[in-house]
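Read from first to last, the chains carry the letters A, B, C and D; within each, the first residue is number 1.
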């Protein structure tokens, strides 16, 4: 799935200097084209006062797969003035934008960070996070992963009382709600809880006030969030891999609906929003989370291996070698191999120097472009019957080219296995899934797709196996089934 | 006066990437160190729908002397959606930042632009203007020149009702006030008028709503603003030189307190805030405005020549040549020469390649630095008695070095004449005057200063001549006299 | 082996702006510290006149693993003037530097390209290739991979006849020799042949004259070179993977000592320098060449798998899983698994976003740095006895950290297998092997190293298996054995 | 004259990354279109070992008017190894490119520097100077101002003996000649003298060998060069203004044909090439040199004033005010005023923020572009009869626009006076004068030009006054007269 994006010219940065500010009121007209973002959040609070910016840099680096478009960090000192805060954010990778943070030039023991990916053209500096704002009680910084479904209602309500908006992000709405509640309530955590009650949709938030770090998760648990500790420093992160990266011990996943407040005295948990119904995004295990993460106690690696095992059990092919499309299909391929008893091995070399700035010389050279990114290891496949595993088929172009390359290299058969069901429905909670028009699955039968790809056989993971794959039935599989755990955005 | 700034390492841009967000509440503690800005504003509305961005680029280029730190432009189309707006802004010069605007890549017939100079370290991208925001009625863009004196009160009032602030600018406060009033009132101009009533201090504003261009000026007239027309395009600008630059005929200066609303139908004037007392910043004529501008009907060139004439009349020196420090002292020097009958001529060569990125190799090389920027034309001064005119003496270092250079080149006498009174008091209205500590005049007598400079004689313009110099007695001369036309900022 | 380099701060580019030009005469004093380079070369000649720059861009992209420091391309048209040539070169990756070539903005049907990696600090723009020069017969461009051992003698000879040098590269010497011979001889290929006779050491060269493309290889065959054709375009490349990348059919490897001249009429082979003794760099198969290349008819993948098989045959460990350090150890690990019958699987996740600009926050964080690049897939290794394969151990730091990470994740045993013998001697032919001081193997016994690493067992590939591994006994294994196929550089 | 160039989009830098290497052999075909360069050179040798790079930075800054396209510096230590040398050079201004030099990060007590302007599109990094090369005796660096007329013969001679050329500059030829002579002769100064004998045309050279600084000037004295001393540091520079800028006392002008060798022991003068016939470029006094320089003992300011006096004497106009086009016409205007007794004053404001990156929004906006750069001071000219002085008329467009602007502002009469004769012939010695096609004077009578400009009268300086203007009759006025002091380049 990651391959198509490699063709996109990387510019981004330049284009975005021309900051287009879209019409939010008109967004109601086309909610499905709205700003759907995948993001990663990270927060750190060193209760003994040590600088945390290098740690956040590490943590965001480990979350970079959740968003490569923009990133940022906001830092302050809990012993400093309530409204002093330093922020660095820009379009670009963590390693490009946040070198100051890594180099120890940003001081303070309390910070939040963010990585962001936007699927629309509206990738602006303004929309980069964390959002930093000054309000009655000092400076506040928010990093947000997810999408609300009641954005329009919230925005109208605020606008009619005179609010002004400088970004097109949900995060600004959340900040407003918190600021307004803070006028009424006695603490930032109370204000956050009051604001959270008004939010519908998916949200994992790390918020820093002048003296506290707050981590909260939507009641359905759509978006992941966990906390850990390393030395005297508490950390919160979208995925456990970021805890590992900073050497932190995982404490636990934040509960769906839980509001954790971390102060110098420790962690306080507000569970008033907890509810029975959960709907954890199954896409995290299938594709989005990193292979070495555990989401809500379930290893991503093991989930993907289970997906592969189901494929082997239900749609086993006679073959000599099981392989995966690097890197997205490898874990499921291993699962397939383990279940089927067939040998697992590598069939492609991946060129790791094709960066975001890769320019595809011409339209006609598209299939050649695939060859740039992945090349076949001929001796590994020549004369072999192959099972080729990947996590998805979007337009089908890439898979078609890979199969042609394998056959050119001498593969006798290519049996394609996809470790997820076909995407058929949009996601409204902040995970980017392709729109219907892009989806080969929405307009073609499996057999038609197989013929188009030139595969000897084709099989998808059955939706009925998703709960077992994920290790829980508290999942949201709306993008496969079309049944949503919340109301939908008004159009 | 401009010379000292040449020593400052130009980087700025890089430093500012680390965006420091100062504590606005603490600013009360040190109002005199606050964010005092000099700025230029420009607005354009082509009623026949032609693109105006290139025009705004031209106009801002002509206002660049009012601020070299940051600039920006916001454009929309009056026939487009109410909330669609394009903005480009960044740290840097107009010619660096706004090339897209010049190149015709920003479309729309309604725009505002801004150039900005900040005297504090807090030069952040966030604070660059125009401020663009989305509110109940669509997108709004503001460009603001001036400083309010009731910032803290306004900010508190807004904060207590749940407002959040993403910049540290007065402009954001004004935007909030307008947005809140707009909820209650029937038009943007009514909202602007209601908001204006709450503002105390100096402000010239150009505001664009989805369909209208508003130009308003504070009731005292502290900051200049004028309007003109070229073809089907109305323009508003801080100075008339920007009208000339775009080939516009000047219509007139905006009246102090007047709110002009330009629509497709023409110009509407709201004069409810007009008052008798005016206090136009005399510093505009002395130093800040461009030599070819007319401010409130008074030619800057003629005002400076009058200053020189007063100096010649009151403090004539026996001399062979009248010259000025380029470029700030030349016009007054001509005035002095015309009044005294002495010949006017050039005594310095100015190196025009010493840009903002000039690095002064070492501390000891400071006086050498002066030689880099200005060098003496020896044959012009050797054996001569000189009158040397400039508009101000700040620390005195530059003037001291120039006099030494002239003597080394063979000048027999150097009589220094300053075309303004000594600065003694801070400005709270957005014009940067040096703080007391920097001012040689605040701690030394004229004779002490003359000895320090090594001049044969020294004279300043007398404050009593300021009204005649400016051609009006409706002036603010607070920086010379310490008497302010408004309440002062609370500390 | 690639991991350590990940810690190096990427700047390079900036540093190199300060172009240090080292003392070539003094280089005799320390020949082993000299400029040892790994490089990739590519040439293209479209006999029907089509532009070849995009093709060269593709080809260099596929050779990027041979050098990431600098790259360049020189293009001309065989129907154009003899001395017109366009060059683009700079420090940086192909995707960064050569976008003009990709975008079709460099025209011409004859080109050479180069990627370069230098192990010393002397990474200067001047030294980037191709070298372009104007001489008696027009413009000449050279791209060179390899290192000569008689540099000093050649340079002295040229210097004493009045030559001037603007780079510190061997390539400039070769260009001089060719230019001087061209005065005497009737053709560029004759001049190249005459020059080649004087060269001792390793060199693969692609040279473009105004009308011809020349590909030549040193008589020992130390450096690889092959040719192919796609449509009407002949191509020459360091490795076959670059032929695949441009869709070219491989014609054959260039013979050691062969000089191929490609003109509009076809290929001409000059074999006067052919000799019986060959010494192909074994390091190409072990580490340097890309997994999908064939070097002199031998598949790199299969060679590495054979290395793994030998390890399994000679030093089999009781284990549950065979894995490799990504990506350098994976192929040998597969070989080990196939031979031993143990299952092959992945044990690490590699973070592909840690680019060249990765900053290691502090010295103490070094081991943490490893965690940034590679992270353990806990469920894959917990409770398992592992065979961990890599291609080399340099300082041992990385391997030590990986083993610790595996044990922390629950691995019961870790048996390290290295698919090459220990490096003990320097290479003088242009392949970077670590200096003795850096090599853990040069000062410690295998058992000492095992203890330092904390491994349960440790084994290297035996040198006696190198010929079988490489599929030929015509190899240079000087870095393992200390016996060199040429004279050594004078010191 | 400088105004037209302001419209050129500044990019340069980017374009030049695509380094076009022109055909030097074909240059014979069009010698008049060849690479004509204006340049400035600077050399420094501190005999007590202090770093000189900051000094060179200062000196080049003062010579920036001689070339804004590229610049560079090469530094070494006379106590260091003979072949160690550091160079920094690039396209751009001194303040942009040489910040390292200014910041004290380039060490060494012996350096040469260069600023360069090329009138052709072939502005490449390669051609930037100083040229640094390694030869038999160590490292050599050259900075060269001027153009040879026997380039082709020299190049052929070198090429036929096997030389290779990596630039298209004369400087590389000179370096070759010196290197070849050095093999035969006992010292660098002897080699330089031997090489100089072969050079025909204009050249001022500063050369640094490992231990010596050499300054030499062509026997006709076409290009200026002078030497000075500050503390323990000898300096050589194209103009005296650069000596002033670094606080150096001028020692004297280098004699035409003199070769000065500066060592730790002092200055040695070789005068074997001295000859009676001199031909100093008169254009230096008229336009090229800086106003505060003395060229061969003649003050540039006084020469320009004399030009103005001649105009007043021969072509006096009845007028109220004498003014000049800033900055090129001001000095001559002062001379005109002094001679005529009419008052001198300023009539234009010059916008100093229109940098090299100025983009002219559209073709039609050209006349508007003039308004951006220069604006009229209306009160200074309204109702006045003006004498407007400039140093040249090239295409006439700018002058025409200025006159129109003056009339619009109310000027009653505009009498144009040009302080040089009309350009009619090309220069072959490295000074850029417009080609015939560009010259309005070459195809129109004075009366026709006056009508085209819309001037009330027009007069040029008479060529017969050039010697008196320049204070010497040893001048080259070939560009006005067509009589050249040397053979012409072969075509």
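Observations on the model:
Throughout what follows, a contact is a pair of C-beta atoms (placed from the backbone, for glycine too) under 8 Å apart; a residue touches a chain by one contact, two chains touch by 3 or more.
Owing to the predicted nature of the structure, the values given are computational and were not obtained by experimental measurement.
Hopping across touching chains, the smallest step count from chain B to chain C is 2. The chain with its C-alpha centre at the largest distance from the centre of chain A is D.
Work out the mean CA point of chain A and of chain B, and you get 47 Å between them.
Spacing of chain B relative to chain D, judged by their CA centroids, is 37 angstrom. Looking at chain C, no residue sits in touch with two or more other chains. Pairs of chains in mutual contact: A-B, A-C, B-D, C-D. Residue ranges of chain D in contact with chain B, taken from their complex: 54, 57-58, 61-62, 64-65, 68, 93-96, 99, 102-104, 241, 244-247, 290-292, 299, 301-302, 327, 330-331, 334, 338, 343-346, 349-355, 357-362, 365, 368, 371-372, 375-380. Listing the residues of chain A that touch chain B in their complex gives 17-26, 81-88, 90, 100, 105-106, 125, 131-136, 138-140, 159-166, 168, 175-176, 179-183.
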